[in-house]
Every structure is written in structure tokens, then in C-alpha cells.
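Two complexes are shown next, each including chain A; its partner changes from chain B in the first to chain C in the second.
Right after this comes the complex of A and B.
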């Protein structure tokens, strides 16, 4: 094989398979779905997708390090409730800080339990999903907490710069930050190694507990930004804010090409996965399908992605099994 | 007997083999059980096999040798139904067969036993023995416990494995697990047993028991295909031998008695190599010291010192605690008491590998697939894992620094193919082991290396290179602890050999002790 061909095939190999899936559905919808290809619609797709993107970046970190995070489904709700409560007494900036901090706290608890007590991430974060939801509901007093209108809280989700909505801008910047974190930091690299083989990571001297803890905390930081934008959009403290979020982020990661078994993936994978989910959600709206069709689709996508990812690992397993 | 290797499919052989299987005493020694003819297998443009022949007879132990990449895995895959040949024929007892999957081959009586454990660690010995039968039952399993236990006990007895039926498999030693796996394979109606490196993880005692069991099975008419890198084992156990090199048979079904070992080795590697005495460097000052360490309640205290330029061999049967001593020396095992020092300075908390790496202790663990490799990542990333903090520029990882530094390290261990960006999963076992060695040789300011079974399941060529690099590292002043069950390796490389038995250090043998002396010390026999 010549060097040129080698380099060319390397480049193609580096592009995630999911990008072709995305290209396919975008082309199909653009051709056959009236209203899809309009600028306003596409901007809207990205605006809505930005929140999912930020939360999915957090999920990607946890998945790659070999864990999973269900708790984000209620930690964004907790964020909205604490922000809404804080805003009634404190200035906006401080209230947003409180909201952000509450998500970081959830991440830190996840991290402590998973990394230092070596508990199953699945069970810990599932438990936290319920616990935090209950806590948010208690704090809110069972009803959504209203936010006074004067505060300009809408700016974060509604404003923009040169026609680009802030959420999209933030999600794009965060994608770059995630890329740097994954590809250019020792912490990011260690997540990949831990997710690939925890005992091997331990034997090579990687600081397992610290780095797994930091995975949950940094994941919470990305989710925290998603939580603030969500809070800004609903402008209320809503204890039932986004219950399907953990599943949407997992579907996004799975579709984008980040295996739920850990050790592999990239920021680009997460971005592509999120756009696929956002485009499909948008198509459901444009087609006037009922909202619950979205749930069914989400489930189907997730299972489908897991099956698609499983195919190579089946063949690999067959290879191992057969010497 | 020599001419038997070229006997073609015989219409009578099918019936004859059946009779042979039923009547082990009958003299049916020349009955062909399985015959592969002119097997070619192409993967894309590469030819893994270019016309290989293999004739396996009932009641014979047939050794299959060859370096990794010689095509032996491919040939075995085809025999056990895990791959389909591009051309060529396979006949079972005279009838042409084409297995569609391993389960069909097993149903036909060809039972493969793999290197990788296929046992269920959380189930008991009994449950594991009947795992496949249980899985095949529909509805509620009829669980006749008394009968089953008796049958299970017979299966264990057949191979000489003494463990409780109710013990979880996770608690068995590596050697016991391997024997259990074979016992389970034998449990089925087995005409041909295919063993891939069965002794890679076994101690000498377990190996001897396995060999005794294999001889009994052969005498009972079972054909055995025995794949191994260990020439001394082949000499002990095999009746005939096939050697593959570059996809062709360089020795084809020759009787072992008339084939000198030197001829087999040079057929494998394609050239003869020096088997002469290795010269070891002069030993320096103490470097790595383990002081009165106790890592499991009730264990005796362990103290060991390894000096600069010294290769300390540590020998012990599977389950003797030798591997744990390796982990203790590497700072990988949390200990209740005791201390680990490098050049007199204590190495943080015991069990903290990060501190041990910072102190310059490299560690190649026993089980490379579980504790060593990062599957799904390239060789480069596998090699750089221990020195990530030293590959940063302005706080960010520099892929340039990483590739320059570790490409050189991988070239140093003769990685083959020398493609640092190739996934680690795609390298042979020997080359994976070279990557692990490179990872630890690259540790910044490395002062000591703890190598546990560094050449387990590795081909002759890679073994030579690894041994050469170990000697070079010692010559460069590193203190090296070599924990191994490979007596040849231990006796040829070690300055002295510490014997571990029942979790304590029982003896120390000097340089140039014979493998037999080491073996009897390991077994605790008086010499």
C-alpha cells in the first residue's frame, strides 16, 4: 500500500461512522420533509440541541471512563429549583452560581461513592436520580417555583451573538473544551485507559480514585451549564424538568459512536450523536407526530445503536473464542 | 509409522475409528481421525495458510508448533469450525466435513480448550462442569443432584483435579481453573481434544498431572492436538509433530522420536540460534527492598532484596504465593504491615502503584489481557500509560513527544510489525508482551522491574527478544525480579532463585542450578 493511500484511508477511518448516518438523515429530511431545511428551523434544532449537547458531553466523560450517569435527569431539575429559590433573595449571578453548585454537589457525591467506595455507577446514579428528584420536589414544596420576571433570566437561553443563539455558542465552545480535555490532558487520557481496563490502569500507576472522582465532577460541570440554560428557558424552579435527559444523552452518545462499555469515543462522536437526536426530534415535530412518539423513537434509537455497536464486538468475541 | 502421515482418506477408516473409540485396547493406532489437506486461507491479500496438511490419529498426541503468525491459529480455527478455508478439504473419519461454527465441531466430537478462560467465575465447580448441559435444557432443569455430583466427581478424578465441587471458580488458582476447563471439555463426547497452550498458566505439578491425564485419554483412543511453544513439553508428551512456518508445513506429521529438538526449533524460527550460556552482569548495591511485608492475615512476613544489575528469579507453583510476592515488590498489593523501599527511601503506601511508578518501579503483571493491556487503543497509547505526566507541554499532552519517545521505545523491543498506531488487539501475544515491557522500560528514572511471567504464551522469537531486553536492562543497572514458572527461563537468566512454597520463602538456589533442582525445591522434595 502506498503512503498516500494509507494516509487517505487513515483519515476516512478517523471519521466516525455516525457522521454518515447524520449526513443521510439530513439529506433525506431536506429533500422530503417540508420546512426542515429552512434556516429558522435549523437554528431551532441547534438551539434545542445545545442543552442536550452540554448534558451529553458530561455523559460522554462518564461513559468513556467506564461509568454511567442517570442522575443528570434530576440534577438539572434541582438546579432550576435552587436557582429559582435563590433568585428570590439574591442577585441573578449569585443565584445561577447556587444552581450550578447544586449540580456539582450531585456530581461530587456520585464521584465519592463510585470512586472511593467502589460502588456500581449504575446503582449509585440511579439512586441519586430518585434521591435528587425527591429532594428537589421537597425544596420546591411540590409545585414549580415561579421566578420574578424582572431578572432578565431569559437572556442566557434567548439571547444571541451575531444571530447565533447563546446556547449554541456555549455548546460549541464546550465541545472544543471537551475535545481538549479528551485529547490533550493526562486526566482525559486516563479516563480512556480506565474505561478500557481498570486493572491495567491501576497497574500502570494511574490515580484511579482521584481521576474517576474528577470524571463525575467535570461531567457535572458540563451538565451544570445545561441546567442553567434550561432554567433560563423555563424561568421557573421545576422539579420535573427533564426526566428523559439521561436517556437522551445515552442515546446521543450511543448513536454518535461512544460505546456504553467505555474506553472509546471522542468529543466529535458526542456532537454528531446529539445532532442526530435533535434532528430526529425535530422531524417528529414537523411531521405532527404525538410527543410520546419521541419516547418510542428514543428507545428504538438507543437499542438500535447498541445493536450496531455490538456487531463489531460480536465478531471480536468470535475471534477471541476461536483462538 | 512414518509412512502413516501421508495416508489419504481411507473408506474403512471411519468404521475402524468408531471401533477404536469403543474398544480402546484394539490395535487401531493408525486410524485417521481427522485429516486436513492442502488448506489455504486468505484474509484479504494476505495468505495465512498456503496449503497446510495435518493428519490426526485416534490415540495419538500430535504437537502443532510454530511462531505466532505462522498460521497455526488459523489452521486450528478451521479444524474447530471457527473459520472456513479458502480452499482445501477437512475430513473427519474419512467423511468430508465443513463445520458451520464451533458448536457443530463440538457436536462432532472436536472439543477445543482455549487459552482464555471460558469458566464462569461466580458459579461453583459443579455448576461450571454442567454449564453447557444446563444451558441446553429447556424449561425447568431436572436437577438430579446426587447423580450429578457423582458424575462431576468422576470428571474431576479423570484429570486428577482435587477441589471441592461447591467452591466458586473465582477462588481456584489459575492452574486449577485450567484443569477444570479441560475436565469440562472431556465431559462431552470427545473424539479429538484441541489444547491451545494448556500449560501456559500451569505450575510444574499441574502440568505433570495434565500430562498424565492426556496420556490416559490417548490410551483410551482420544486424539489430541497439542499446541505449545514449549519444546521441552512437546518432547515429554507428543507422539508426532507438525511445524508451521509462514503458512506452510515445514515438518509434517513426523514421529517425534526421530526428530531432534534442534531441528524442530530451527524449523520454527527458520534459523538456528545460540542456546549457550547467557552471561549475566555484575551485581551492585541493594535497590529494591521489601521488608517484613504481610499482605494477607496469617501469612508469614516476606523480606526480599534485589540489587542493581541483579536478576532475582522467584519460583513457585501456581497458588504458592509467588505471583503475590511479585505484586508486593511492585507496590501493587496493599499490605497490613511492612515496607517497600527503593534505594533506601520508602515508597509511599503499599498498594499505591502511582507512588511505586514515581519511585521508578516497573511492573509487568502475570495476566496481560486483564491487568496489562488497554484493548481498543493503539500500541503507542498502551506504551505511554505510565509516563503521561512527562509527555506534557504547557500542561497539555504533546502527541509529538508521545510518538517520538515511545516509537523509539517500541522499536527498542523490536515490535513487529513496527506500527505504533496499530491497535494493541491486533498484535500477537509476544508483541503485546513486548509493548508491556516497553511501557515499563520507558518509566522515567526506572530503577527496578518486576516481571511476572514475562514470556507466558509467547513464541520463541519474542521470548528471545524479551530475554535479551531483560539482560540489557540488568546490564544498565536495573534491579529485576523475575517471577516465573518457566524453569528454563529462570535458570538461564537469574543470578539466584528464591523458592516460594505455601506463601513463604523456603530456599534460595544459586546461579546455574538445574531446572530439576528448582522444580524439586518448588515441590518441597528433599534434594
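Right after this comes the complex of A and C.
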């Protein structure tokens, strides 16, 4: 019995703190917010959250390896534009491949500049944010590109299997893939090492630059799937598709418990963070708050969650640790 | 091997050659990038467009570059102490809205609300970063969202707030006025820079900013209150965002809740092209002054060329990548342990 309790408490300790935050808000909303606990509403929360989830997996990879990515909002916009342009002349499958490849290309440029030229990821991805958005807007001619409806492009975002929408299914599978990548591959483990201490990682003899480069490319692969689902949902080439995406992914990671200092986190952290953000966004809609309040609330929650998770560090250790 | 390597780095960091690199003539070169870039951009655009190199256009560029310059110098203060502020664009938008509404209630005195809003957000950012140990990215991103949401909520239906009555007339007259051909707004900007330079180079607080930026632990050991200095630096950055709001109000007479998107990125580029380094410890207001002038000259030149505004956005993206490259190169040259 003691053993059982011990094992139980171990398991509880292994769970991220953020899961209690999630449990709390879900219970509160289920009790006090009419319409929240309905199955259609919850399915909708997950369907909307799936895109944010896939993009946040990408952000999580970059954050854990010690970087940051501001360019993902522009790269999903680029994906929608290139897909919409390609679909005018090529079959759907090829067009989606082109869209996916365009995001990988953005990730590869980020990776090259950060890993091989050792530029600050902060400035590189901010620069790419503007560069890629400008490029997408010029390619689209400044206006959204129409996509002919006959192509069956909606299937990816609108369809489902046994009542589970495809986006949710894909996001769940991707979460498993991310978990395996983080916990069971040498590459994934090396990101944690690089994120905690780059000199230490260099001293171990791992292929530092290649692994950082691959972090940005694999992150782009997750973002690419998000971009394809998003493109399928709007069925247009939209240069201003989702400008707040990088901020929402960072908020999701921060709330889920992946610190922006790198070296720590898990796939579960990212999933929980995304669901918290998705549930809160849904609650704002159900409460009929103005859309602008969503921004302000997102900011407050992000900072609040980070402070809450940092409480032990700034009460006990703050005076001992470095400034 | 590795410890020996680290040790030799620390020795090299304090060797006379390295010190000469940092503080000698060559070390000061980093702050002249903005001037050189401005001159090159001005020469290129003047050669390409006959009306670019005129006195009127120069005055026009000077009257336009104020907001970016003031934001950049504020950004420089926090970059100096190893931080950065992503909220400046949203904060000055909120400040224009609040100030416009207060002015409609109280008259011109309400303009004071703009710097107050800026300082309030600066204090919030500074407290979060120092006392609550939140990463600058998260803290200032949170303030960005908070300020942007607040600006849209404060403005009726998220629309621009028109400044009415005498206040509007005074603001617009100031905007149009000029001293010996130099726009009053440009004079304001220059005075702002002189004040910043005075604070940085002639006050104890300025020295402490450099100390904290150079090495916060050493600064703490010699008795500098690092947290307080950090809060003050962010507050000054917020104050600069408030001044930017005043410049925008003078230009437009409007409280603009959606203004300033992307300005945080441009101000960072201004700070880095102006010779600051993201790892802290470097600042020079005059380098930043010319860096902002360079960015504005480039944008005006691209407007002259009549190409798509999105191409101008791409050029801006490239200059930020260039700033990243400069940051990296200067870290290599001026590496200290």
C-alpha cells in the first residue's frame, strides 16, 4: 500500500504543474459557463486548437534548443499563398507539397543563419517575419488569392474519422511523434543539452550546428502541417493569414511550462499549454467579450502563468542564484 | 583543454589589445555604421531620383523619422542592460488613444497622459523582468498584447479618436512650425537625444546602466541595485514610447489604436544598427540617431521608387537580418569573458 502511494505520488510529481491549471479552468467553466461542456463545443475547441497545437510543437522544438521563432505567422501565410497559386495549374496533392515545401524553406533559412552563421535567433526570425510576409504579399499581388472550390481542399480541415475531425487526429499523432522525437532520439535529446548549455553541448562532441539547423527544419515541418490545415480551412491564399500565431504559440509554450530560456520542456507541456489557450479563447467567445479583450487577456495570462511557475525560483533561490 | 580554453578567453578579454578594441578608436567605429549607411543610402537614392536630394525632402525625412528615432533610443536603454522591449509599438498606440481622450476632456494638459502611460508600462515591464524574473520576451510580449488590447478597448469600436478643439489646433501648428527650416518635431527629437546622452555619460545613473549591462553580477558586488536600475531603464524606454505618442499626435491629431505594429522590430533594428549589442553593455545615442535616420531614408527612398510597400517591408526584413549579422560580427570582435 505504501508502495502504491509512493508510486502514485511519483507519477503526480512527474506531471507538469500546468495540468492543474487546465483542470481548474475546465472544471470552473464546465460548472459556471452554460454551453461550455457540450460535446459539440468541446469538439470545436479541439478543432480550433489543433492548428495552434501543431504550430506550438514547432515553437517548442525551437525554444527547447535555445532559440525562438517569430517567423511562423508569416510562413503559414506564405504556405497558403503558394498553395493557392500552385492549385491554379497543378493537382491538389502537388499544390499542398509546394505549400509545405515553402515553409520548410523558411525554416531552413532560419536554421542556416542561426546554426551556421551563429546569428541571434531573435533578430533572424524577426527579420524573416517581415521578409516572408512581404514576399507572400507580393506573390499574392496584395490581395487574397481565390481557390476554386471544386478541388476538395476542405477535406483536410472539415473531414473526420469516426467523429474525430482530421485536424485533431493529426495534432494527436503529431504530439506522439514529438514525444518520441524528444525522448527517444539522439537528435531530440541533444536539443535539451544545447538549450541548457551550448558550450557544454559543444564539449560533448555532438554535431552542434547540424542539430540546431535540424531543430529549425523539423519545427518548420510541424508548422507546415499547421499551415496546410489552415490553408484548407480558409481555402484561399491569404497573405495576412494568422499574424498573431507566433505570439500565441509562445504563450501556449509559456503557459504549458516550457521556459523561454531553453533546455526544458516536453510534448505534454506543449499540448497542455495549447488546450489552456484554446479553452480560454472559447470561453471569451461564449462570454460574449469583445474580441479585443482576447488580446489583453492572452497577455495577462501568459505573464501570470510564467510568474506562477517561477514562484519557487524567485522566493527561495533568487538571492542565491545569479542576477 | 576546455577549461584552459575558457581561461585563455578570459585573459584575452582583459588584454590591452582587447581593451583598445573596445574603447579605442576602432571600438568607436561600431557607432558610425548608422552615419555611413545613411550617407550611402542618401547618395544612392539621390542618384536614382532627381527630387530625392533636395532640401525639402531632407526636411521631410527629418520630420518623419522622429517617432522611430525616439523609440529606438528608448529601446537602446533596455538593450544596454541586456533586455529588450517588444511592447513599445503597442504602448505608444495606447498612449495616443488615452492622451487623445484625456485631451478631449481636459484640453492640452491631457497630453501629459501619453508619457504617463508609457512610464506605467515601462515600470510594469521592468518589475516583471527584474523582481519577478520573467524573461524579457514573455514580459514585454504580455505587455504588448495587454496594451494593444487596451488600446482597441479604450477607443470606441476600435476606431481612431479625433482630438478636438484648441488642443488639435496647437498640436497641428507645432507640427507645421519650423526653426530655420528645421521642423520643430526634429528639434524636439534632437533635444531628446541630447538629454539621453547627458543621462548616459554625465550622471551616476548612466554609469550604472553601463555597469549593469557589462556584467550585472559585478555591478551587484560593488553595490549597484541591479533590480532598481533595470526598472529605471525599462521606465525610460516606456517614457520614450510616450514621447513617440506625442510626436504621432502632433503629426495626425488622432489617437490611433492600431498604429505602431512592427515598430518594436524597427526600433530594435535601430538600436542594433546604432551599435548596441543584444548581449548588453554597449550604447551610443548618436549611433542610434543615425541608424533611425538610415531606416527612414531607406523607406522614403523606396517610396520615391514607387515599388510595392511590401517590397519596402522585405527591405526592412533584410536590414534586420543585417543588424543580426552586425551583432554577431561585433560580438566576435569585442568578445570579453
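Note that in this section the second predicted complex is superposed on the first by the 301 of 323 C-alpha atoms of A that agree within 3 Å, B and C clash if a C-alpha of one lies under 4 Å from a C-alpha of the other, contacts with A are read in each partner's own complex, and residues count from 1 in each chain.
To be clear about the criterion, a residue touches a chain if its C-beta (ideal position, glycine included) is under 8 Å from a C-beta of that chain, and two chains touch if they have at least 3 such contacts.
Not measured: the values here are computed from a predicted model.
Participant: According to the stated criteria, A:298 is in contact with first (chain B), second (chain C), both, or neither; which is it?
Facilitator: In the superposition, A:298 contacts chain C only.
Participant: Answer with first, second, both or neither: which of chain B and chain C does A:264 touch in the superposed model?
Facilitator: Touch partner of A:264: chain B, not chain C.
Participant: Mind working out whether A:122 is in touch with chain B, chain C, both or neither, as first, second, both or neither?
Facilitator: The second partner, chain C, only.
Participant: If you stack the two complexes on chain A, which partner ends up touching A:37: first (chain B), second (chain C), both, or neither?
Facilitator: The answer is neither, since A:37 touches no partner chain.
Participant: Please indicate which partner A:131 is in contact with in the superposed arrangement: first for chain B, second for chain C, both, or neither.
Facilitator: After superposing on A, A:131 lies in contact with chain C but is clear of chain B.
Participant: Per the contact definition in the header, classify A:190: touching chain B only (first), chain C only (second), both, or neither.
Facilitator: first
Participant: Which partner does A:203 contact after superposing on A: first (chain B), second (chain C), both, neither?
Facilitator: After superposition on chain A, A:203 lies in contact with both partners, chain B and chain C.
Participant: Applying the document's definition of touch, where does A:306 land relative to chain B and chain C: first, second, both, or neither?
Facilitator: After superposition on chain A, A:306 lies in contact with chain C alone.
Participant: Could you figure out whether chain B or chain C reaches more residues of chain A?
Facilitator: C
Participant: Touch check for A:180: first (chain B), second (chain C), both, or neither?
Facilitator: first
Participant: Which residues would you name on chain A as touching chain B in one complex and chain C in the other?
Facilitator: Chain A residues touching both partners: 199, 203, 318, 322-323.
Participant: Okay, in this complex, where on chain B does chain A touch?
Facilitator: 73, 76-77, 80, 82-83, 102, 112, 114-116, 118, 196, 330, 332, 353-358, 363, 365, 370-377, 381, 385-386, 388-389, 391-392, 395-397, 399, 425, 439
Participant: Which part of chain C faces chain A closely enough to touch in the complex?
Facilitator: 2, 6, 84, 128, 131-135, 137-139, 141-146, 148-150, 152-153, 158, 216-217, 220, 226-227, 262, 265, 268-269, 272, 278, 308, 310-314, 316-321, 323-325, 327-328
Participant: Taking the complex as given, what residues does chain A use to touch chain B?
Facilitator: 180, 183-186, 189-190, 192-193, 196-197, 199-207, 263-264, 316, 318, 320-323
Participant: Considering the complex alone, what residue numbers of chain A touch chain C?
Facilitator: Residue list for chain A touching chain C: 68, 113, 117-120, 122-124, 126-135, 137-138, 142, 199, 203, 247, 250-251, 254, 259-261, 290, 292-300, 302-303, 306-307, 310, 313-314, 318, 322-323.
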